[in-house]
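Got some structures for you, see below.
The following pair of complexes shares a single chain, chain A, combined with chain B in the former and chain C in the latter.
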Partner chain A sequence: MSDSAATLTQDRQKLEMAALSAPAVIFTVAMIAFPVVYTIWLGFQTFSSTGKQSFAGLANYSKLISDYEFWHGLWITIALFVLSLVLQLVFGVWLALVLFHAKRLPGIVRSLFISPFMMPPVVAGMMWLVILDPSLGAANYILQSFGLPPSDWLASPSLVIPTVALIDSWQWTPYVALIVLGGLQSLPTSVYEAAQIDGASAFKTFQRITLPLLLPTIVTAAILRSVDLLRFFDIIYITTQGGPGNASNTLNIYGFRVGFEFFNIGYASALMLTLTAIVFGAVLAFNRLRGAVAW
Partner chain B sequence: MNDAANTERWIHRLNTVQLVLAGIIIMAPTVWMVLSSFKPSFEVTAYPPTLVFTPTLENYAELTRTTPFLSYALNSLIVTVGSTALGLLFGIPAAFAVSWTRITWPAILTLAARMAPGTLFLLPWYVMFRQIGMIGSYTALILSHAVITLPIVIWVLLPSFDVIPRSVFEAAQVDGCSFTRILWRIAMPLVASGVAVSAILAFVFSWNYFLFALVLSNGDTKTLIAAAFNFIGEGSTQWGALMAAATLIALPPLVLAALVQRWLVSGLTLGAVKG
Partner chain C sequence: MKARMLATHVALPVLAIAVSAQAHAADFDWMKFKGKTVAFLANNNPVAQALLTYKADFEKLTGMTLKVDGYQEQQMRQRLVTVMNANSDEVDVFMTLPSREGEQFAAAGWYGDLTAMAKNDVAKDYDPNGLSQALLKAATFNGKLTSMPMNLEGPIFYYRTDIFKKCGLEAPKTIKDVEAAAVKIKACDSAVTPFVSRGLKPAVAYTFSNMLHNVGGSYIANGKSNLCSAKGKEALDTYSRLLRDFGPPGVVNYSFQQISALYRSGRAAMAFESSNELRTVMEGGARLKDTGLLPFPAGEAGQVPTTIGWGMAVSSHSKQPEAAWYFVQWATSPEVQKKMALQGIAPPRPSVAKDPEYRKWIDEEPVRKQWQAALDVLASKGSSEVGYPIVANPASREFIGQAVQDLILKQKPIDQACADADKALDALIAQK
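After this line comes the complex of A and B, so read on.
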């Protein structure tokens, strides 16, 4: 009797809990899961110039393999990803160490340090567009006043990707630094005391103790940044729209333009599904890595 | 002994120098943007660039005169507030249920959705919203931006719910309270600060989000961020107005972020790091 009453309460509880998460789940299925299934279907369709659609099988995917712009976009995406990630991790760890040794940070200083990544990437693009203007920008003025040659920055096909990586790193290095700082603050102090007794140098201590213990945090930061870096969009779309020529045409920019400028929805779907697979592949790989460096 | 103290002092000084250097690199571009927005038009493009000038509001006046800046701002506000409210409405109960039952897949589902490139959903949304004539509607924009806010609310709130001891709820359960009642009457006051942080973060990231409004808005519902593109198109010689626009667009998220900076790190890493 009391048993069945307990089961009844448990069933009621389960039902109530399901009801509480139902709105979020239904919303996500309606807005994400269903549209993604639709995208997969769209990837097998072609649309004629009159808007008539027909089943195309794997035509969009075989087109992708022979499409020079796809491979170029993939190369640009990977180059931008690697360059930005290395810059942000190296300078992020450096900045975290500096902040860590500063001990007390007033709230206002913290606010200033987070300001780059709290502002819209679009605004970051707007301000750097003005600063990096080849003829009137402040950046070239500073270069020249040090006797260095001016640069074309975003207007140069060979420099546009490093320049975009610099802008993104200006915005997100403080974010990486704050994550790493959190990791530093949670490290056990006992290992440092032992190292001090052994008379280890500051560099040795960093190399042998701090860095290995910090690796899981650094990999976490790498995961969070990778997701954004592989689908890089805002800053490029605001500053160059993929140019000059196609020099900054990342996969996400290319897919967007195929879909919404050339209205080739079927091929754009195939492109975006490929990019999504790359993003999730990278996240899974980094997750493995995090497991390997955990302590 | 004295030597060691000396070395210590030098290390401290060297660290301060590096801190100041980092601060300058981080701050200088933003300061330059704000300064440029207050420069008279003939000085914005002066070369060599000037640091001393008579500040003026002419760029801001120009911006409101030549563009419907205020109605863009209102659109941004409607979409951001709407999507944040929707994120909270769906996210708070979901976070509570995930924390209580330890059934985590609803939370992971929303996060996975956040990791995919936005264009992946934008293509089918565009096709579907066009078919039902919703392109350019606030509803379409708010729904799309709720995809940004929902995972933020859930993942920022999860740790807040997790730290509430079960015993707090058990008394209420014995009294026969439903979970919905327990959530609103007992749990909510305990996680109020977490809700505030999640709401502010959701607001900031919804306000900052560019891609969806670029396609789903029309001339009447265009948000500030999507309109930024037009300011650049029109104003290659009007840097002053462009920088005034950039300054105003960045202002709300920067002010809000300054309010919650203390709690930001754990919130921004979706609980991966305790701040």
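After this line comes the complex of A and C, so read on.
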């Protein structure tokens, strides 16, 4: 076969492959692109309380700047994000180390350790709502049986964010631990043998070898959790609905209420697109960090 | 703005529907839409659950298929907003609370107009005149009948007769008596919570409105929000003080689920909660013999209970409104409402409330008798004003709840709490 004939055949094969895969590609792009484009379009519309729609230009975005609830929601979102992420990474690494070193731990105990994240968040929210009820819940009963004062937990404006962060960390720390455990199992054994020969203590080995080598894995876990934490919704919706007052009114909860309770879909779209931009920003930042700590 | 008072003021157009309806009843054929499918968007609450027990009866009677899409209340509204904004005909019939979203949905044009169908297309035994005229009036916007009432409900006062007896108390007749009883119970029995009601921000308006109206207050005066009026402040102060000083810890997260659980477990002496919760509160039978029920005790303006009801509306985007109307008609017929009443759903038809079989069921337990007596007061004296009577009613409830929570949590003095709420509410009132 001449070169030109071979090239023609190759081109034809490429065309055929493109034609065959085109429906799937178009479908996938449309499924992702349509909702995003539609939301962008909605963000430029204004809807009255009765649902009447008109073009608003950038009015929804300029409204964000002077909207106290937006800035408050952003602050709550960031506070919850930082607190939960730190808790989950610290305890996730600790749990992973426990599981890694406790080789003889029975399978059932290992499964129990990692089971919370398999629970639907709505179920977890309902469960903790009952446990933390200041009058009927088990949490205050336990505190009081140790002579400690009862707490208002989710009903206290100052405690609601730490409490929600604890609930989320209870559920998602095992997920972080699983990712980190995978990383631990893939670490090269030679560096540990060298450290042992040099007489390094367990702490020094962790500080100088394990932690630096695990950093890319930890950052990956942080990226995955960041996306969820910045979109925090279900547990708050079940337990406090943004209260007491607006003490747990995250951006996502605020956007939901604006859209589906007050029917201002345009402003809700602007809020949600802003939140999406924040999520993308966080992911990009963590991606850069991952690049910097890769080995 | 004047409250939408229910009760004796009968809407003449609605009566006209009833009179005219008899003339067309003879031609009525339940099988007219045989083979069609009607889609029903339901709130998965006790009212819809009781109704859907008889789904097969409807299908047998009409030859139609009923496709039910059931959600919890808030999720049902989300689904409805999505469907209606898309002008979709996916939903033929949906459940609605005229007191909450009536003005808004009517202004958005989401309700089909039932006036003509309720006039011209009714079965012989439907008796639209037998439905609560007050609830029909509450569902009429700009002269258009938008939904047919499914039930009658409102907050009522549950109290523990045994604790009252132990503490030497009589059943409260006034709001001041409630507070005095709370003080005495706190001293007499420290193991129980003296008083509980709704503290969760979006849920507060349902019970607070009754307090506001009983003390003689109103939400709007001269086109402006009126929470900082003397009566408005009195209602805010009394309601929040009762919850702060005599309520359970964490009451700011309390809605009907927590209130019913607390009262049912025997850990609350007084509860101000929905009449619909009777069945939940009495579950297990522990409270059956030691509970008294009343409409909420009177204030300076007497008793102006909150009275609302779920309604069934036909979507304005439905391509088969007549078939949809047949389902609405069947679901709100005397026969079906009597069956639902025997499951504890308060009937919006006085004739059903007087039915011998229903009376027999009521007479089986003293608490049921008191429940029905309280509902009779709700039906005759009630106001459907829950939150501000404006298009943005759902948003108005948030600001009422915020003011109450600010006071419960002592985050603001009353003058600031009501002024902040009035400012936000004036902006809502001004919205067109």
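Simple rule for what comes next: the second predicted complex is superposed on the first by the 256 of 295 C-alpha atoms of A that agree within 3 Å, B and C clash if a C-alpha of one lies under 4 Å from a C-alpha of the other, contacts with A are read in each partner's own complex, and residues count from 1 in each chain.
Methods note: contacts are C-beta pairs under 8 Å (C-beta built on N, C-alpha and C of every residue); 3 or more make two chains touch, one makes a residue touch a chain.
Values in this document were obtained by computation on a predicted structure and should not be read as measured data.
Steric overlap between chain B and chain C is present once the structures are superposed on chain A.
After superposition on the shared chain, chain A has more residues touched by B, the comparison being chain B against chain C. When the two structures are aligned on the shared chain, A:Asp152 is found in touch with chain C, with no touch to chain B. Contact with chain B, but none with chain C, is seen for A:Leu112 once the two complexes are overlaid on the shared chain. Contacts of A:Gly245 after superposition on the shared chain: chain C is touched, whereas chain B is not. By the touch criterion stated above, A:Phe260 is placed in contact with chain B and with chain C alike. Residue contacts after overlaying the shared chain place A:Tyr141 against chain B, while chain C stays out of touching range.
Of the two partner chains placed by the overlay, neither chain B nor chain C lies in contact with A:Ala56.
By the document's definition of touching, neither partner reaches A:Leu229: not chain B, not chain C.
Working note: chain B versus chain C after chain A overlay, options 131-139, 149-157, 167-175 or 257-265, clashing stretch identified as 131-139.
Chain A residues 135-136, 259-260, 265 lie at the interface with chain B in one structure and with chain C in the other.
Residues 11-12, 15-16, 18-19, 22-23, 25-27, 29-30, 32-33, 36, 45, 47-49, 89-91, 93-94, 96-98, 100-101, 103, 106, 109-110, 112-113, 115-128, 143-144, 146-147, 150, 154, 178-180, 183, 204, 207-208, 210-211, 214-215, 225, 228-229, 231-232, 239, 242-243, 245-246, 249-250, 253-254, 257-258, 261-262, 264-266, 268-269, 272-275 of chain B are the ones touching chain A in the complex. Residues 48-52, 133-136, 150, 152-157, 239-246, 257, 259-263, 265 of chain A touch chain C in their complex. Here chain A touches chain B in the complex through residues 13, 16-21, 23-25, 27-28, 31-33, 35-36, 38-39, 42, 95, 98-99, 101-102, 107, 109-116, 118-124, 126-131, 135-136, 138, 141, 170, 174-175, 178-179, 181-183, 186, 217, 220, 224, 227, 230-231, 233-234, 237-238, 252, 255-256, 259-260, 265, 268-269, 272-273, 275-276, 279-280, 283, going by the rule given at the top. Residues of chain C that touch chain A in their complex: 74, 77-78, 81, 84-85, 104, 107-110, 193, 200-202, 248-253, 258, 261-262, 265, 267, 391-392, 394-395, 398, 402, 405-406, 409, 411, 431-432.
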